Structures are given as C-alpha cells and as structure tokens.
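Both of the next two complexes hold chain A, though its partner changes from chain B to chain C.
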Partner chain A sequence: MTHIINVQNLTVAYREVPALWDVSFSIQKGSMTAIVGTNGAGKSTLMKTMLNLIQPVRGEITIMGESYDRIKEKYKKIAYVPQREAVDWNFPINCLDVVLMGRYGHIGLLKRPGKKDRDLAMEALKRFGMEYYHDRQIDELSGGQKQRVFLARAYVQDADLLFLDEPFGGVDAKTEQMTLELLQEEKKRGRTILVVTHDLHSLKKYFDMVLLLKTKLIASGQPDEVMTPENLTEAYGGMMHMDLRG
Partner chain B sequence: MNIFIELLLAVMLISVVLAIPGNYLVLRGNTMTSYALSHSILFGIMIAFLIVGDLDSPLLLLGAALTGLLIVWAVENLSTLRHVNIDAALGLIYLFIFALGIMLVSLFASGTTISVTSVVTGNIALIPFDRWIFSGTDMGPVLLWQTLAVFVLSSGFLFLFRKEMKLITFDPEFASLMGYNPFFFRMIFMSIVSITVVTVFRAAGVILVVGLMIIPPASARLISNNLGTMILTSIVISLFSGVLGFMIAWRLKNVEIASMVIVVNAIVFIFAFFYHSSLKNGKEKV
Partner chain C sequence: MIWEIFGISYTLAIVLLGSAIVGLMTGVLSVFFVLEKKSVMGDTIAHSSLPGVVVAFLLFLEKSQLTFAIGALISGFLAIIFVQTISRRTVLKEDVAIGVTLSIFFGVGVALLTYVQSLPLAAQAGLINYIFGNVAFLLKRDLYLLAAVTVFDLFVIISFWKEYKLIMFDRAYAEIIGLPVDKLDFLLTIAISVTIVVGIQIIGVVMIAGMLIAPAVGARQWTNSYRRMILISASIGVMSGVLGTLISANITDIPPGPAIIVFATSIAFISILFGYRHGTLVNWVHTHLTHRKIDHRKVMMEFLKSTNALDKSEGLTRLEFSLREYPRLNKEIINNLARCGYCKWLTDEKCAMTLRGVEIAKDFTVENSGSAEMVE
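For the complex of A and B:
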C-alpha cells in the first residue's frame, strides 16, 4: 500500500501554547480519513498545517513524497473546503462565480475563465444539486447549500486529495448524508479524502481511518480500533456517554 | 481651459481615483486603513521637509508615500496577530502619528502653506494655480496630470488582476492554495492606495480622501450584487456626487468644495440604504 501523506513528529504552537504535540501518522492513497476530537483539540490546526497555511514548530509533512512547498501545481493535487466561518459571506458574488474559483489554479495568472470552465462549474453545481441556484447570491443560501457550493468548488479543481474542515457543522442530516455518499464516490475514483468532523456516528460506515486528537494523537487506525471507551474517555473526558455501536 | 472646467475635471478624477480602490477596502472591512493612511501623510511630509529643507521638493511626496507604506505594513502585521483588536490598535497608531505630524508643523512650518486646516479639508480651489509648463506650453494644472497617471496605474492593475484581487479578497486561504500569494497582491494593492492618497491629498485633504474611498463603494455595495457591478456603480455614484457637490459649492461660493461633495455622497448613501431595505423587505414578504 502506498502512503500518500506522511506526518512525522509534528508540533505546532500558537504563542508558546502547543496546539499539536508530536503527532505522527500516515494515510493511504484512496482512503477516507476522519479527524476527530473536542473543540480545541487541534483538528483544524492539523489540516491547515498540512496545507502549509500554518508553520509548524517542528516535524515533517510529506505529500506524495514531497514537502508541501515543493509540490508543483498544488491546485491539481489538493482541494480544500474551509470551515464556513473562514469565508466572507457578505461578499457580492454568486454561486457559479464561487465554484469558478476552483478553476483559477488551472487558468493561471492574468487569464480569464472560459466557456469550458463555466461548463465544468455548472456541471459541478448540478452534481451537488445546486444548479438552480447558480446565479443566487451566496448570502442568500442556507448552511447546507453553502456547503454544497464549496464542495462543488473543490470538485472542479479535479484534485487527488480532498481536505474538508467541518463540512457538517450546522448542516441538516440530509445534506450530510448526501455529502458522505458523494465523498464515497470520489474515493472510488481513487481520491484520498480527509474530513474534520464531530459526527462520531458516521465513522464506522464511511471512514477507513480515524485520527483521534487531543493536542497529542491519542489513537489512529480503523474506526473500530480507535473508538474504544478508553480512547474516547481520554479524548473527550468523562462527557462521552454516547452509544457508538450504531 | 478655464478655471471652472479645470476644477470640475479635478473633482471628477479625484472622485474616481479614490472610489475604485475603496471597493476592496470596504469589502475587506479595511476602511480604517484609509484613515490611518491619510492621517499619517502629514508626518511623512514633515519628516521629509526636515531632511530636505524645501517645501516644494518632490521628495516630500516620496516621504509621505514611504510613511504610508510603513503604516500599511504595520497594519498588515497587526491584522495577523490574534487577540489584538485591530480597530483600537489602528486608531491609536494613526492618531499618534497625526499628532506627531501636527506637532512638527507647528514647530517648524508655521507661516508656510502647510497648515492643519489645509490637511483636514485640503484645498481644491488652489489646484489651478500649480501649473505644468512643458517647453513653454501651459499644459494645465499639475495635479490633474498626476491624478490621471495614478488613475491609469491603479485601474490598470485592478483591471488586469481583477480575477486575482477578487479571489484574495473573498477567500485568501484558498487563494494561497491556488498558488496566488495573497500577501504579495495585498502589498501591491496597498502601495497603490498609498500612492493614490499621497497624490490627491494636497487638494483633497483627509475628509475627501476618507469619504470618497468609503462612501461611494458602501452605497454601491447596497445596490449591486457582484464585484464588477459594484465597482462600476461606485464610479457612477462618486462622479455624480462629485459633480453635483462641486456645482452647488461653486454656486454658493463660500462653501468648501470637499465638504459639499461629502454631504452629497452621504445623501446618496441614505437613498441607497432605503432602496436596499425596501428590496430586503420585499423579498421577505415573498
């Protein structure tokens, strides 16, 4: 099995306070991995550090055998759906234009998106059931619809790796279900998927691997191995009394 | 050209050259930057004056532009820090530098054309007196040509890189993943803003610089729903308010042109605001 992502001894700190401490793991190509843990456990930090948006104090990250800053044409390799709070929703822009931004990496400096890019963007909106909203302002969308527009944007990037930061926060169950099904399809097409999530119920059904974080990596591996009562107590403290067998 | 036409052209150019970059400041919630820039210029001019010893030296403008860039750099760094209230920090910085500037003026430049009043309101009416004589021919007011040059530079950059500017304004993290360095584009953009402010500053003053960068784009945002339309709308609004304000001030004779232009802009904003709320209410009913 090939490891598409390798993280070794990663430590990240915000003003001397560690957000991630000595985290190491590898991810297999074509797998779907969940990053779980409490708020402040370092889930988003881990994702952003892997995307080179945050500089680590120590440690090494290689993606397809290269460190991030040496990967050429990243937009073809890595797509990213940020947390919804990260985007300015009052910006005057419609859905189609947001999705078109996924093509910007392919288009290059100074050039404009062409008809082919527009067709691809419309196709992506259709795939996520949003084609009727293509000329709608983004601030008029519901949480689930916003999420779908961002998934469509990641989709038109045509990337090998797909990073999603809390795609299910404030999203209805139907959208979550639909998103997970679509991610399964992407996985089948050989894409490697990483999802920061709070929904522990979906882990077993959809994910190949779980990273359980609490600044340190408490456990990693298949959902069954990771989601043991001991590990959960360590990650979440005494708060976890959920029935996770379902 | 007579004075009336020259002044009218100057007001129109200043209106457009400030409103265009203002759109990006308004969208990024960065309007405080225009306050900081316009208030720091006096300090830059005075420092350059103390070094050069000549109030007409072009080096004074360079000094002002450099101070502006320093401020912008400080602001950009502040905004990357966590737990810092940017509004408060910026307010502190620009008032501090403005106070230093005023102090330097009263210490070293009393009796010259630089005064605190001229910094606040500017003096549009003086534009026609500073002329560009090119090999014996009178080409018109210097400021008109300078503003035109800045307009070409600024709108040229924003037009060529409109795709990139939209991306880094809307979603900077995504931009950097796509290989467009947001910091790089932001610094170029802020340098252009700095040059623009320094150029029109002598004529426009703090009130007009800040007002024209913020009010027309803010009005335009209320009545347009994509970036391109917003910028065009802000240009139309700024031109309309500039011309109308100037005409009224010209008629009334004793009224400051800058203040009148801002008053008209603010009234247009109020209309845009009511139009926007009526649209919103209409939608909710449906």
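For the complex of A and C:
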C-alpha cells in the first residue's frame, strides 16, 4: 500500500484560536476520501493547509514524499476545485477560458494556449455536458453548471491528486450524484481524490475513507468504522441522528 | 511634418503624444486595478508620491524629471509598505490602513510643497503642477521616458497575459498549480508604480488615481471578454488623454489633468448607462424583451398543448382558439405572433395556429426541457 499523502501532528491556528489540533493521517494512492465535520470544524483549513495556502503552526505534510514547496511540476500532480466564495464570478471570462486555465501549467510561462489546448478544453466541457455554454460569461450559469465548469478545468489538467473544497454546496442532488459518478471514474483511472463535504449520505456508497473532524481528528478510516453513533455525537453533538445503513 | 497636416504646433504635437501615451498606459493598467478590486491602491501610490517629489527637489534644488521620479517611487513604495504593515500587524482592515496612509503622505506632501513655495528660489516654480499636472513643460526627451515605460508595461502584461488573468480570477488555484504568484504580483506593482510616477507629471497626483479606475469601469460595460476589456480601456485612456489635452490647450486656465479626468469619467458614465453588456439601459431593454419573449413562448406552447389534445385529422392550421376559452391569450400577444406568421386571426375573437407556428412551438418545447436549468 502506497501512501500518497502523509500528515503528521498538524496544528493550525488563526491568531490564538486553534483550527486544527494535532491531526495525523495518511491517504492511499487511488482512494477517494471525504473530509467531514460541522462548520468551523477545520475541514477547509485542513485542505488549504495541505495545499500550502495556509502555513501550519506545527506538523508536517508530505505529498508524494515531498513537502509542498519542493514538489516539481505541481500542475501535473495537484488539481483543485475551489470553494465558491474564492472565485471572482464577475470576472470577464467565459466557460471555455476557465477550463483552458487547467492547461496553463502544461503550456508553461510566456506561451499561449494553442489549438490542441482548446480542443482538450472543449472536450472536457463536453464530458461534463457544458459544451453548449462554452461562450457564456461564467456568472450567467447556475450553481450546478459552474461546478461542472470547474470540474472540467480539473479534468483537463490531468493531475494525479484532485482536491475539491465543498463541491456540493448549493448544488442539486442530481448534479451531486453526477459529480460523484464522474469522480468514481477518475478514481478508477488511478487518481486520488479528496472532497470536503457536508453530505453524509453519500459516504458509504462512494468513499473509501472518511476523516471526521472537530478541530481534532475524531476518527479516520472506512465510512463504516468512522460513522458510528458515538463518533457522530462527538463530532456533531447530540443533534445528529442518522441512519447510515442505507 | 505630420503635425502640420493637422494644423497644430510642434509643442502641441509633443504634448498630445505624451498625454496619449499616459492615457494608453493608465487605460491598460486600470483594468488590473478594477478587476483586482484594488483601485484604492493606485490612489495610495499616486497621492503618496507627492512628498517624494518635493523632498527630491529640496535635496537637489533643481527640477529634474529623473530625480523627481525616483523620489516619487521611493515614497510610493514606502506608503505601500506602510499599508501592508498596518493591515498585517494591527486589527485595522486594509481600507482603513489605506485611508490613514494616503492622508498622512499627501498631507506631508502638501505641507512640504507649501513650505517650498515660500522659499526664495526660482526653480520651485512649477512644482505645484505635480498636484494637477501640466503638459506645457513636456519636452521631446520626456517622451522617450514615457515611451520606455509604455514598452515595459506592455511587455509585462503581454508576456504574462494568461498568468495575470488566472491570478485575478482564482488566486488560490494559481498558487496551487505552482505559478510564481508573488513574483508576478511584484512585477505588476513595479509596472504600475513606474507608470504613476511618470504619469503624474502630466495629469498630476490627484488625477492619475482616477485614470487608474475610470477607463476600466467604462470598458467593463461593453464586454465580457478580458482581451476586449483591455483594448477598450486603452482606447478610452488614449481618447481622454488627447481630448483633455486639446481642451486644456485651447482654453486657458483649465489644467490638463482635470480635463483628461472629466473626459474619462464622462465616458465611464455614458458606458454605465448605454454599455452593450452591462449598461443600465441595455439591461432594462433586455429584461423587457425577455419578459415579452417568455410571454410569447408560453402562449405558443399552450397552443401546442391543446393541439396535441385535439383531433389532428382536421389539420393543424385549422385549429382555432377563442380568446374567451383561453384567457391567457391576449390580443397584443396574438398580434405580435401574427406579425411573425405563427398564427392568424380568423375573427375578432378567434385565432388559429399556422404550420410554421407549430414547428416553432415544438422547438420551444424541446429547448425548454433541455435548458430548464438555464432559466432558473
């Protein structure tokens, strides 16, 4: 078993308030992992720290055996679908151009996207059923459609690891399921996928591993092992009554 | 010479060229300020360059564009460091930090300038022009400096075209895929600072800040494309530069800075009203038309639904509807549809759908089921 990501004793704090406390886990290559927990449990913080967007107070993260700074050709290794708030939706840009951004790493500095890149981007839009909207300004789309454009961008980037930060926020059940199916396909191609999500119902069907957070890592492992009533009560408080057997 | 064709003097030709270049540079760079939502940063650099200019003058007691530029650059950078330190080290937000920094630096600048004006020196004359700008002193060699800065700006923007686009649109992603975001940021800050510093001579420290916003705001109303936005913004900049200078040259007592800014903001204002993409008026007309289009579609689809329910052997064109049976069909809508040839009036109260109308309505139905999400 190969561990593609290793997180050791990770502690992250915003000023004096700890957002993550002594979190350790490993992620296997070719697996699909869900990061779950309440709002403010540190889910996005964990993902952003893994992506080097936030500097930890303590602890060590290695991706493919390297610390983030030392990873060569990052664009070939790590793709990312941002949380919705992180993007400037008013930006003068159309869907095809957004997807083309997934090719920027491959194209390299000082060069322009060529016909091949455009074709790949268009193909990716087709795959996610968005080719009809290729020349729409990005904010003219619905939430689910925006999501698909960003998935197409990650797809066209063709990276080994795929990070998705709350991809199902404000997205209907149909789009969510379609996205999960597409992620399954990517997993079958050997990609490793991490998803920050609030949807506990989909865990068992689609995910190999769950990280249950509440600042500390309450539990990690297969969905069955993690989503026990005791763990859920600890993570979500007494309010959580869920039938996860389905 | 070429300027003689237009009946203008050599001096005016130089001045016009200078202000056109400044308009071009500020026009292009304003796009970055507006899209990065950092318009106030330009304001800070511009206002804060004033004490640098005056101190440079006090140190060397001569009017040299180069020493002024260096002075302006240094105090502009100091101001930025000041802003960053305040917003990182204290609980104050960036906008507060900018407000504080801007007023302190500009205040010190004005105070120093007032002091210098009181000195019995001949060379101090004209220093006040740095506030509102003056093109009258523009010389041919100044044009070379302006041209060099333009080339540098355009080189930076064109070389890293796609990188800047990505950084402004989705910064986190740019960092994650390994773009040198900090270095590119720094390069752009240099380009902007240098531009402001050479630009203040012509349009002044107060007005250049406006030139770093207005052209892009105007341009954004006309397009949803990044490339076109930059081209339109550059055109607005050049146009304002030239027109403002012409006004200032022909009417005494109007300095070029304010004249240029008046043109740029007027164009921006007109664009906000009439802009093709986001203009207020266009939006209003568009909403109105969309509502009407939806009304038409609804009526057509209602026609079609009834068509399916009725006996088809009668022939589609023979299907009749009376306004009384279908209260949603109102006369105006039917009139419009009849004008398009989708249906016709049989009597005052009755209408029938044409074969063409049926085809169109079928298309609507298919389209609508496919793009239900689009409408939401």
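We take it that the second predicted complex is superposed on the first by the 246 of 246 C-alpha atoms of A that agree within 3 Å, B and C clash if a C-alpha of one lies under 4 Å from a C-alpha of the other, contacts with A are read in each partner's own complex, and residues count from 1 in each chain.
Basically, contacts are C-beta pairs under 8 Å (C-beta built on N, C-alpha and C of every residue); 3 or more make two chains touch, one makes a residue touch a chain.
Worth saying up front: this structure is predicted, and the values here are computed from it rather than measured.
Superposition model on chain A: chain B and chain C are shown in a clashing arrangement.
Judged by the touch definition given at the top, the superposed model places A:Phe128 against neither chain B nor chain C. Legend: residue contacts after superposition of the two complexes on their common chain; A:Leu53 is shown touching both chain B and chain C.
Contact with both chain B and chain C is seen for A:Asp88 once the two complexes are overlaid on the shared chain.
When the two structures are aligned on the shared chain, A:Gln137 is found in touch with chain B and with chain C. Legend: residue contacts after superposition of the two complexes on their common chain; A:Tyr80 is shown touching both chain B and chain C.
By the touch criterion stated above, A:Arg112 is placed in contact with chain B and with chain C alike.
Once the two complexes are laid over each other on the shared chain, residue contacts for A:Gln145 go to chain C alone; chain B is not touched. Applying the stated contact rule after C-alpha superposition, one finds that A:Tyr14 touches chain B and leaves chain C untouched.
In the three-chain model built by superposing on chain A, chain B overlaps with chain C at stretch 92-100, while the rest of 92-100, 308-316, 326-334 or 344-352 show no clash. Once both structures are placed on chain A, chain A residues 48, 51, 53, 73-75, 78, 80, 82, 86-88, 91-94, 97-98, 101, 104-105, 107, 109-110, 112-113, 137 are touched by chain B and, in the other complex, by chain C. Against chain B, the residues of chain A that register as touching in their complex are 14-15, 48, 51, 53, 73-75, 78, 80, 82, 86-88, 91-94, 97-98, 101, 104-105, 107, 109-113, 137. Interface residues of chain B facing chain A in the complex, by the touch rule stated above, are 27-28, 82, 160-161, 163-164, 166-167, 169-171, 173-174, 176-180, 221, 224-227, 229-230.
Within the complex, the chain C residues that touch chain A are 35, 37, 159-163, 165-166, 168-173, 175-179, 220, 223-226, 228-229, 373-374, 376. Every residue of chain A that touches chain C in the complex is listed here, in rising order: 48, 51-53, 71, 73-75, 78-80, 82, 86-88, 91-94, 97-98, 101, 104-105, 107, 109-110, 112-113, 137, 142, 144-145, 157, 163.
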